[in-house]
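The letters A, B, C and D name the chains in turn, as written, and every chain counts its residues from 1.
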Amino acid sequence: MQIPREVLLRSYRAMRTIRDFEERLHVEFATGEIPGFVHLYCGEEASGVGVCSHLKDTDTIASTHRGHGHCIAKGVGVDGMMAEIYGRSTGVCRGKGGSMHIADLSLGMLGANGIVGGGPPLICGAALSHKVLKDGGVAVAFYGDGASNEGTTLESLNLASVWNLPAVFVVEDNGYGEATASSYACAGTQKDRAAGFGIPYFECDGTDFFAVHETAGEAIAHARAGKGPAMVHVHLSRWYGHFEGDAMTYRANGEVAKERAEQDCLKKFREKVTEISLLDSASLDEIDASVRDEIEQAVIKAKAAPLPEPEALMQDVYVSY
Amino acid sequence: MQIPREVLLRSYRAMRTIRDFEERLHVEFATGEIPGFVHLYCGEEASGVGVCSHLKDTDTIASTHRGHGHCIAKGVGVDGMMAEIYGRSTGVCRGKGGSMHIADLSLGMLGANGIVGGGPPLICGAALSHKVLKDGGVAVAFYGDGASNEGTTLESLNLASVWNLPAVFVVEDNGYGEATASSYACAGTQKDRAAGFGIPYFECDGTDFFAVHETAGEAIAHARAGKGPAMVHVHLSRWYGHFEGDAMTYRANGEVAKERAEQDCLKKFREKVTEISLLDSASLDEIDASVRDEIEQAVIKAKAAPLPEPEALMQDVYVSY
Amino acid sequence: MSKKSFRQAINEALRQEMRRDPRVILMGEDVAGGQGGSADNPDAWGGVLGVTKGLYTEFGAERVFDTPISEASYIGAAAGAAATGLRPVAELMFVDFIGSCLDQVMNQAAKFRYMFGGKARTPLVIRAMYGAGFSAAAQHSQALYPLFTHIPGLKVVIPSSPYEAKGLLIEAIRDDDPVIFLENKVMYDDEEDVPDDSYTIPFGEANLTREGDDVTIVAFGRMVNFANQAADRLEKEGITCTVIDPRTTSPLDTGTILDCVAETGRLVIVDESSPRCNMATDVAALVAEEAFDALKAPIRRVTPPHTPVPFASVLENLYMPDPARIEAAVKSVMGYKAKQEA
Amino acid sequence: MSKKSFRQAINEALRQEMRRDPRVILMGEDVAGGQGGSADNPDAWGGVLGVTKGLYTEFGAERVFDTPISEASYIGAAAGAAATGLRPVAELMFVDFIGSCLDQVMNQAAKFRYMFGGKARTPLVIRAMYGAGFSAAAQHSQALYPLFTHIPGLKVVIPSSPYEAKGLLIEAIRDDDPVIFLENKVMYDDEEDVPDDSYTIPFGEANLTREGDDVTIVAFGRMVNFANQAADRLEKEGITCTVIDPRTTSPLDTGTILDCVAETGRLVIVDESSPRCNMATDVAALVAEEAFDALKAPIRRVTPPHTPVPFASVLENLYMPDPARIEAAVKSVMGYKAKQEA
């Protein structure tokens, strides 16, 4: 399948934006200015972007605590995201959500989620909406290897299958749930779990945009055609700790460095597209520069943005004393 | 495998006891004297008894809302059970539990359970106790086809596998969860679900005591040997409504009558043991007569037994105003 | 206008709203019933106590969804569907089962609107049966509305009669926030005149089922009837009561409660939920803070003891508040003399 | 006796009880941490904030169990293990995750003893972090103890300092009922003198952190410290307060509360949980019923508003009760004049 040039450029830009956004957060968090929990998606960019390269604004996704990448891949603007993470009134959730709760329903982004396994049931509902409203949409749940052990996730596989929903379950398997390896916590295989609920299974290397694009494309096409849910098992690695502050003492020395050197989705993308002359280096460099600037501006704007007004405390919720 | 005569006699007696207990409840319920919800196990006797024929008092089981059969199979006395269902102070739970909450921890019976999917997590815990306390015990979760879709059940399969627990998961598949067929509600297969969590799978005809005995024997031996959990999928039919009062308008006319005629575990047992001269008819008749009397007495005693005293309301719970 | 049972009133509310708005859908375990069954009778049950009977027949498989026994995923699905354009009414059967799916209610549906900075609406109704008195024992008899009332972002409705049920359920379906709608399982056959047409009863507006001079009784759901029975008897002895049915615990019509207490100076609260951190404590705290001046006597609560619900009827009857205990509580506040005075 | 942090006090309580009784086991997500990881460092984390660090190293894989991320099954397993001979301490990480496993707590563990006619014991402790102030936003900042306090059969503990934490946790582990043990996540680094030896603090016995004549303040967990700060300042203005730390909300030491109110005649309650059906309402209702005579002023509650916890610190600070708001509440009850008198 030939990927249009404009999709390639857009996807590269999204991956680069995620990377820079996250690397910058890593730095900013260390200064102590960003409060709360921050979970970085660095290293996993090709997954969210590869999947979302098939989605429109009218399709829906649900994300996880590690949500920045999915948000950017689905089109949420970095200014609003950065401001949100800094707790500003200009944030995409007006500063009331923070890193773990970035959402933009108007873009079909049903929210990052602080609850592991929170997303898959919601995605069954979004898929049901697409089906009942006959809008041709599909709904995609991103979740981790750790989340694949939550009852909510497992029930959702069955529900989506029983209702023949246009839902795609993307297991982003980065080998760990917090400090615990999936080799310990996940009995059996994701493949057999999919079979257990009669769901077609796909898998791919999550550091290769082209692999994700192709595999997710098939799964999404299956769902969009009304054939029911599909599972995509994406093999990944995360480059930072579970959250900012985690020293990763559970992982072998040098493991991440090796992955950074050998499995960087951005490098691999660039190599491939330039090798076969799909894109030239200059246009990629241009994107890199433009993204660098965009992130720089997002941080400057976020820091300068106003804090929420006190009234915001009582807004957007019904309050009885 | 040759089954000792005494096990055969005990098992036949247990199945007959369940049958008579349940048929009698069906009659008694109709008089309006038994309050609340009553779910009958009639037709499924060979399953509970076949499985429990391998268990000792020091092994543990957890049951469901349809719990009478499992209780009797695990050795709980019918007098205490009948009194419980009548809400008497002589009941096995002093009248405070009722049909859905019969338990006797001293016999390793961890309770019927009004919550679908309530038992499997508890059985992981019981199995953990057996493992940590090194008492050689196994723990068995009975649950229905409907319950096989609860997240608690699915999570438990994974947990038992990850912890390599001496736990056996017995799916009693009677084709329905309330009025909904498992053909509608269960996507995939139980077999593939077991595989999804790396658990060995066994299945058998639940109306044939010998089949259940043999299959469950293997699964329990596997768990007892420290090889981890196993699943036994038992194919069954229930002869009465989901609960007493259900007219079963979702099932074809004559379906149950046919099953009663052709798939009665008691008839099949008698035919087999007399055909190959394992037991003679007379000893089975003797059991039938003795059980008939036992149930009659249980009802008489239950009806005559005292109601709980008012003080019981506040007993066996810590109460802060 | 015709006599309708509580069950019929709810069925009619659902039917009328489903006719009015194609986005209203129904889901739950056996809300139709019989899917895949050998009788090929997919509308066999209409819910475990027949409340949704016939809706599948009218609206079909595109609007009425039987679910696997998987509360977490289908209640979560209802929340997700609500956030993406549908207006689901999900049936949880017994409210006791909330333990299997609380996260989707508490951390998802209830929080979306606030947590997402006002960018989400979640027009979700969760219907469930509550209450003791059915010999259904500890796991099928709880009231649990205090749990929901405690959680910001939820609205909580407890109708006390067929008329109330219909109007409040239609209001719930049209509300853009998640609503917990609780039906007392022993009231389904209660009958009264209920308009045939559609109507709504606004949330947060209490109903005074009677007015009196001496004592204000605040009661919830089925307890409203018990309170009225007690008030009838007391009237014969010359004690007149105001009985308040708040209809919704969240929002709570604090104004009406405070006004009535200002007039009577005495308050009895009747709540069939467990006594700790329940609605009786909630209303008592409100009044002890905001109407302290008016109080002539201690605030009395009539509730069950802090125990699970026992099975045996003889114990369950002791467990439940009843008109006699309400009567006694009213008399005790009437008879109260402050120590200084006594 | 030596200075220990809240974190160390809990770690020490667990360690000493695990040494004393081989039936005490630990389970939870990453309570050891690092199982299966490439560094082969299975005691990598000791819980997400390091509270159980080192226990795996001392007690090994036979006593300390990392779990998959499956709260329903492992909390249920803890209940099942407790009913069959072990004394599990299960860590739920954030109490907000109770939504994923409430059934096993509410309908299983809490009800066994009563529902089975006294034939079961369930010596289970569930530890979890609670509270706002960490910028952890709506799904990681709730207090939720009112939910547990509402459920019969559970005991609920909220330690207010390292000393309290150690003694109450040891008591919890030795108790034969299920206990919810809540740790305020912003207090882990608080330090004070804590005995090195094992000791217990009984449930249902409140601690008076100070005594005064004018106002009784009842506060929970971290709010005890805020109440004492407020009382310090008020003392300088000549207002003296009794501050009650009930330690456990269930059982609740009603006697001490009523006695203190009888002396001061004024009550302020400080509760960081959502305001509806919470501990502030619970205590207010108790006093309005049982110590009405003694009350000289309305009962004031200091709580957050009825909203989810907002992320931005500026809003979260407004959300949380603080010493200044407590001080204002105390002054308002001191300044109260009944309308009749005024």
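Quick note on the criterion: a residue touches a chain if its C-beta (ideal position, glycine included) is under 8 Å from a C-beta of that chain, and two chains touch if they have at least 3 such contacts.
A quick note: this is a predicted structure, and the numbers were derived from the prediction, not measured.
*Asks:* What are the mutual neighbours of chain B and chain C in this structure?
*Replies:* Where chain B and chain C share a partner, that partner set is A, D.
*Asks:* Just grab the chain with the largest centre-to-centre distance to chain D, centres being mean Cα coordinates.
*Replies:* The most remote chain is B.
*Asks:* Measuring centre to centre with CA averages, how many angstrom lie between chain A and chain C?
*Replies:* Using C-alpha averages as centres, the distance is 40 Å.
*Asks:* Starting from the mean Cα coordinates of chain A and chain B, work out the distance between those two points in Å.
*Replies:* Once rounded, the distance between the two centres reads 45 Å.
*Asks:* Chain C to chain D: how many Å between their CA centres?
*Replies:* About 30 Å separates the centre of chain C from that of chain D.
*Asks:* If a residue has to touch 2 or more other chains to count, which residues of chain A qualify?
*Replies:* Where chain A meets two or more other chains at a single residue, that happens at 91, 93, 95-97, 101, 113-115, 149-152, 155, 158, 162, 184-186, 317, 319-321.
*Asks:* Could you list the positions in chain C whose residues touch two or more of the other chains?
*Replies:* Each of 67-68, 70, 72-73, 96-97, 99-100, 103-104, 107, 114-115, 137-139, 152-153, 250, 252, 276, 286, 306-308, 310 in chain C touches at least two other chains.
*Asks:* Going by the touch rule set out above, what shape does the chain contact graph take here: line, ring, star, complete or other?
*Replies:* complete
*Asks:* Of all residues in chain C, which touch chain D in the complex?
*Replies:* On the chain C side, the touching residues are 72, 96-107, 110-111, 114-115, 137-139, 146-147, 149-153, 249-250, 252, 273-274, 276-282, 284-290, 292-293, 295, 297-301, 306-308, 310, 338-340.
*Asks:* What residues of chain A sit close enough to touch chain C in their complex?
*Replies:* So the residues of chain A in touch with chain C come to 60, 62, 91-97, 101, 103-106, 110-111, 113-115, 118, 120-126, 128-130, 132-133, 139, 151-152, 155-156, 158-159, 162-163, 315-321.
*Asks:* Give every residue of chain C touching chain A within the complex, in rising order.
*Replies:* 23, 25, 62-63, 65, 67-68, 70, 72-86, 88, 103-104, 107-108, 112-120, 152-153, 155, 177, 204, 250-252, 254, 286
*Asks:* Applying the document's contact rule, which stretches of chain A touch chain D when the two form their complex?
*Replies:* Chain A reaches chain D through residues 35-37, 84, 87-88, 91, 93, 95-98, 100-101, 113-117, 146-147, 149-152, 176-186, 249-253, 255, 307-308, 310, 312-314, 317, 319-321.
*Asks:* Enumerate the contact residues on chain C facing chain B in the complex.
*Replies:* Chain C residues touching chain B: 29-30, 33-41, 44-45, 48, 66-73, 96-97, 99-100, 134-140, 275-276, 305-308, 310-315, 318-319.
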